[in-house]
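Each of the next two complexes has chain A plus one more chain, namely chain B in the first and chain C in the second.
Our next item is the complex of A and B:
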């Protein structure tokens, strides 16, 4: 039985990963309040630390070709323990979906259309995502080329336009941070935008060729990380210390652009970039949640789940936190620890067990 | 039949949606929108409250500005209101204005003298939070009240706020003051040691004419205004902060004066810590050209150029020293020396930053100036009878 429709190729995977990571760019600014001008260093360190984990995810997918995370859990941990782990994963995916929907609403209400009620954005956006997810993985994968191209265009374009405002001495003195704060900020970057790519364990089974999955997964990861690094460098070098009190430094930075008196107020271009990258991210999360539930319940298709799961996700997005302060507080202090087992413990342990037990075994042409 | 019903149903739904979801949630039509171009902040007469002046443009009056000489009334309307806080006062304005004030096109924030001496941070907090404020909004300090500044009818433009904006942008021509944006000011306020500066504006009024003048800069300690720099002191500051664009430098030479135009200036600040002593080394590279001379003598000789360079160095140095003396006297680190030390000596910084108020007044600043004169304009000799020797 295969509930997953459509196949994607390696380069689509790469752009999907990069686009997925870029979708998080708006949500990690609270990291600046810990790392200050050493944010770029935290991003770089987190990147290096995360490389082995990302390789571990792709190695797992390569080893169990065509099997998704839920099936892998069943094979490795047996049907009972495997199911429990799978349920925990589904809760995690679902939470990410809701929180990202909420993040989108917060961004729109905070910066783009401040007087419109948040539910309007969340519901409309969720509807568009539901429509996309209903068409399967292929359309998302295809447009991710476009979203990443657009994001790179916006990032380099704004950097060039802001060139006269850039002051690299804003990064001095390098590494002023107490080591404890540095570790905390590295952990935040590793857990929130970087190792969230772990969810691609549900996407990678749809690849049509597993030969170079490691390479393309890593390339996509590096592309996404590079974009986040450039955004961080741009914001700190342009805004200086005031970027640390800003709730959305990227948006504030672009507001500075003023060429002549007419080429100004182009921040909506950034808002569009954030929106389309978030769109990919939410679609991927939506798809993953549905696919994993369908796989767990052994449904023939996940399509019947689109409306109910979407509805619950929207409700959770409404009631998740009562303020941006509690959202940031919990992201900083709880969420990053909550994700540790899903990102940093279970996948490597799975890979280790698979290696020791020489899994998966073959029975004819089937992997079991 | 069933298919046709479905199509009809779809058309019906689309029509209903078409008429119900036609526009934006909070659409603002341009003709009903009071567009604010300048905001002034003052102490209210009662001294307890804050008074806010919003300069709103009247588009219908602006149309006449090109054709007829008098387009009727003034093209702006200054709306004054008081409240406990800025936001309170701005919202109180709706009692008088016909709509919510639209501040996204606000170009300038004028801060009254009393507010500046009391402390500006709490009054700027609203503007930092409000999503409509642009980081490029300019900040100027009024030598009196901000109402007076925003009431001064300008000669060249029809809106005072616009004329103040152009005025503060024009400061780079003489480099006697510089424009300070909201973004700059936020960064100043967030620095532990750097003292904020902002251009100081006065209204010169007599019976017939009224003009606005930017004279020097206001100095803040923390967020409170404690003094001001006059024009040459301001330029002294700009030499060190690297904000000099161009300007006239009048230097005495052989009992006459020579006017040099600053073409290009660069600076480099290097802090040094030796034992317990802190030195700041300021290196300035300047390029100038002769634009005017009063003597009849030919100055376009190698020897005179060498001498002029020395005089030029002295002139720059004296400007810097005057600013430095003023800053040390007021104990305000307007140059950002503290941040320079921070960037280079992060270990020592913790101790230095807590004692900065004691260190700064007696800090030793070495000024090294390398200037050059590269041309004499269109003529080399002054227009006097030349002797053919």
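Our next item is the complex of A and C:
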């Protein structure tokens, strides 16, 4: 499989983005412990703040049509500095991949099957991801709309079933939060679920049509953000203050559903939704890591990298952090700052330099 | 290792080259001579002493001037016709003056005497043999280096009957037979259009089986036909006994458990597929006609969907999807619930199930596995048994294995329900019974090992696998993935016929319009047609 073999279309990109963001929904709950019942406000604010950045990513992809992030770095920063930036990016992608794999294991051990050891989940999940990535970008893009449809179905379904439990007074009082905490929670939402879509700079080169990439990127982003917002509103309105005690509010919320003594304990439906959205997310991250390494090393195909990179990612997923608490602590205090250059500094600067230097230059039809 | 492989490949290439050369020489062939005895000797040498090959010497003309011979295979030829339209005219009615040369005699026979159509002049011995073997009667004449091949085929064949695999309540009841000409006629009678094109092939070094590609010229994607041609040309085998052989040689994913080449037994179904832009492959000797490309969704469609009202067909179609999921997933889900996720079962039900499972010696995964294997054995035993014995099998299966196993405390009654449900549902999707049987065990294994997580992973794996499959360039999961909104009219529901204005987007893209909007509400005048 060539690195850029397999084309996706705009709507597939949109669903991939939305699915990618939904995959994160289970990992950002620690944000609630800062923002409490104002987390929906944090999500809304972060959404507005992130729009220009998302547009910046898609503008970059549109400007350098068919060039991925590694090539763009080479063009803008020259081959030496560009390579260094690319390596930093690869480390970032790889870290995201391992941490998400770890998050999946944590979720299953914590909520679904507590007696099974974590490596079982991580290894099997990684194997299926490796199989998918081996087929290139197309299969995961083709099933992404199914995962988004399922997620939307579950979110609206549980909201309706929980109608009797919904209490909107749980949101009161609004804006009780100190401004410092509010900014921190906005930053967490912006950095972890939202601006992680920056990794799509490695996916967008495979688009078959760059005309409307801005629109579809933004649509996907809005769809994902809307789902996260609805999830947050549902959890807070149903659980109220107890929402912040549990580590996975979505799961806790759905457990409450009890209709006619038969329709109970349907949280496995939520577990399925989390798993398949996370599947898309991890597959995308896996693909991106492989594609960027292959591009950096100028390999023709990334197939030889699938097993070694997957293996290392699995090992890091085993050993990273002792517990969920330390993971959350690190995500809250270090990870969000670690991502700042990758998400908020380098892409806008790249776009600015490209505009100033009138890049990319054209040689005939080829971009150089 | 690699060197070894290289050697093998080289060797194979050399062999194919060699055989190709041989074929070429054969094609050149030996020509007929102008002596009857020599020609007959040559034929005897090639055909041997088989007693069904008849060589009948006769004297032609009312004066018995010319010596000739008829060669045919007993049983492939219509004897009355042979006598009425060849032997009698040749021997009695032929009048020819002496000055005719032998060559013109053959032409005169052809023009004046023989009433049969499609008569060929043959001058090569190989063609002659081919003609004899396909059932033509060959007329040789002394002094002529040509021969006449007269088609008078007639053999015992099955009449047109209702197909066993796809019986319908509403719609045409006739199915294909084993004879390719009959099958093509059945199709011609449905599509009366000059654009219905056919391309013939002979495949199989030993069997020389007729294979025919049928398509609509202005609807089909021309690249599809070239692709089929190249794939059929690649087949180098000695025997084609059924269309399944062709399927195995031309399918995209030979290791897949899902078929990527469709087959069906009903002319109306093949006609509808051809009219959507697919191509059909008829194989002589098989009532099953192949259609390409195949989409996964076609397994859930039935011809009867289109002949009955849309609401009911939509409902049955959804039911088919549900039964497919039941048949592949229900044993797995049962095992996952009882082994790993008892908390998800409603309390009342859990008590009942626990009471049923009390005293059962096996864990539920093993229990399910045993019952599924027993079901598969019963099914396999039931298919090929003569009918009177079949009822014995069902009694043994239902009473002894079901009832007694439960009362003996070997399996739980709930298990019997699950297996029965699985079994019944598997017959709803008859064309996917084979893949479903394998998937069932696959999901059972995953559920037994990893519970719900295993099921989800297995499901995602199968989904990705299906999404990566292609059948003759068409994504297998179309129109679900990649999503095609126009295709959705005929996927989970079946829209009214007049609303399906377009052909499937990928398959019929060369001629997308099926019809213009032609459904009309009754006009004002017509509405009150019975009012005075």
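Everything that follows uses one rule, which is that the second predicted complex is superposed on the first by the 366 of 368 C-alpha atoms of A that agree within 3 Å, B and C clash if a C-alpha of one lies under 4 Å from a C-alpha of the other, contacts with A are read in each partner's own complex, and residues count from 1 in each chain.
Quick note on the criterion: a residue touches a chain if its C-beta (ideal position, glycine included) is under 8 Å from a C-beta of that chain, and two chains touch if they have at least 3 such contacts.
These figures come from a predicted structure and were not determined experimentally.
Set against each other, chain B and chain C differ in how many residues of chain A they touch, and the higher count belongs to C. By the document's definition of touching, of the two partners only chain C reaches A:272; chain B does not.
Of the two partner chains placed by the overlay, neither chain B nor chain C lies in contact with A:300. When both complexes are overlaid on chain A, the residue A:113 reaches chain B and chain C alike. Touch criterion not met for A:361: it reaches neither chain B nor chain C.
Contacts of A:240 after superposition: chain B is touched, whereas chain C is not reached. In the superposition on chain A, A:139 contacts chain C only, with no contact to chain B.
In the superposed pair of complexes, A:124 makes contact with chain C only, with no contact to chain B.
The residues of chain A shared by its contacts with chain B and with chain C are 113, 116, 120, 264.
Contact residues of chain C toward chain A in the complex are 340-341, 343-344, 346-349, 450-454, 456-457, 460-461, 463-465, 467-468, 475, 477, 480-483. On chain A, the positions that touch chain B within their shared complex are 110-111, 113-117, 120, 169, 172-173, 176, 239-242, 244-245, 252, 255-256, 258, 264. The residues of chain A lying in touch with chain C in their complex are 9, 11-12, 108, 112-113, 116, 120-121, 124-125, 128, 131-132, 135, 138-140, 142-143, 145-146, 261-262, 264-266, 268, 271-272, 275-276, 279. By the touch criterion given at the top, residues 24-26, 128, 131, 134-136, 183, 186-187, 190-191, 342-346, 349 of chain B touch chain A in their complex.
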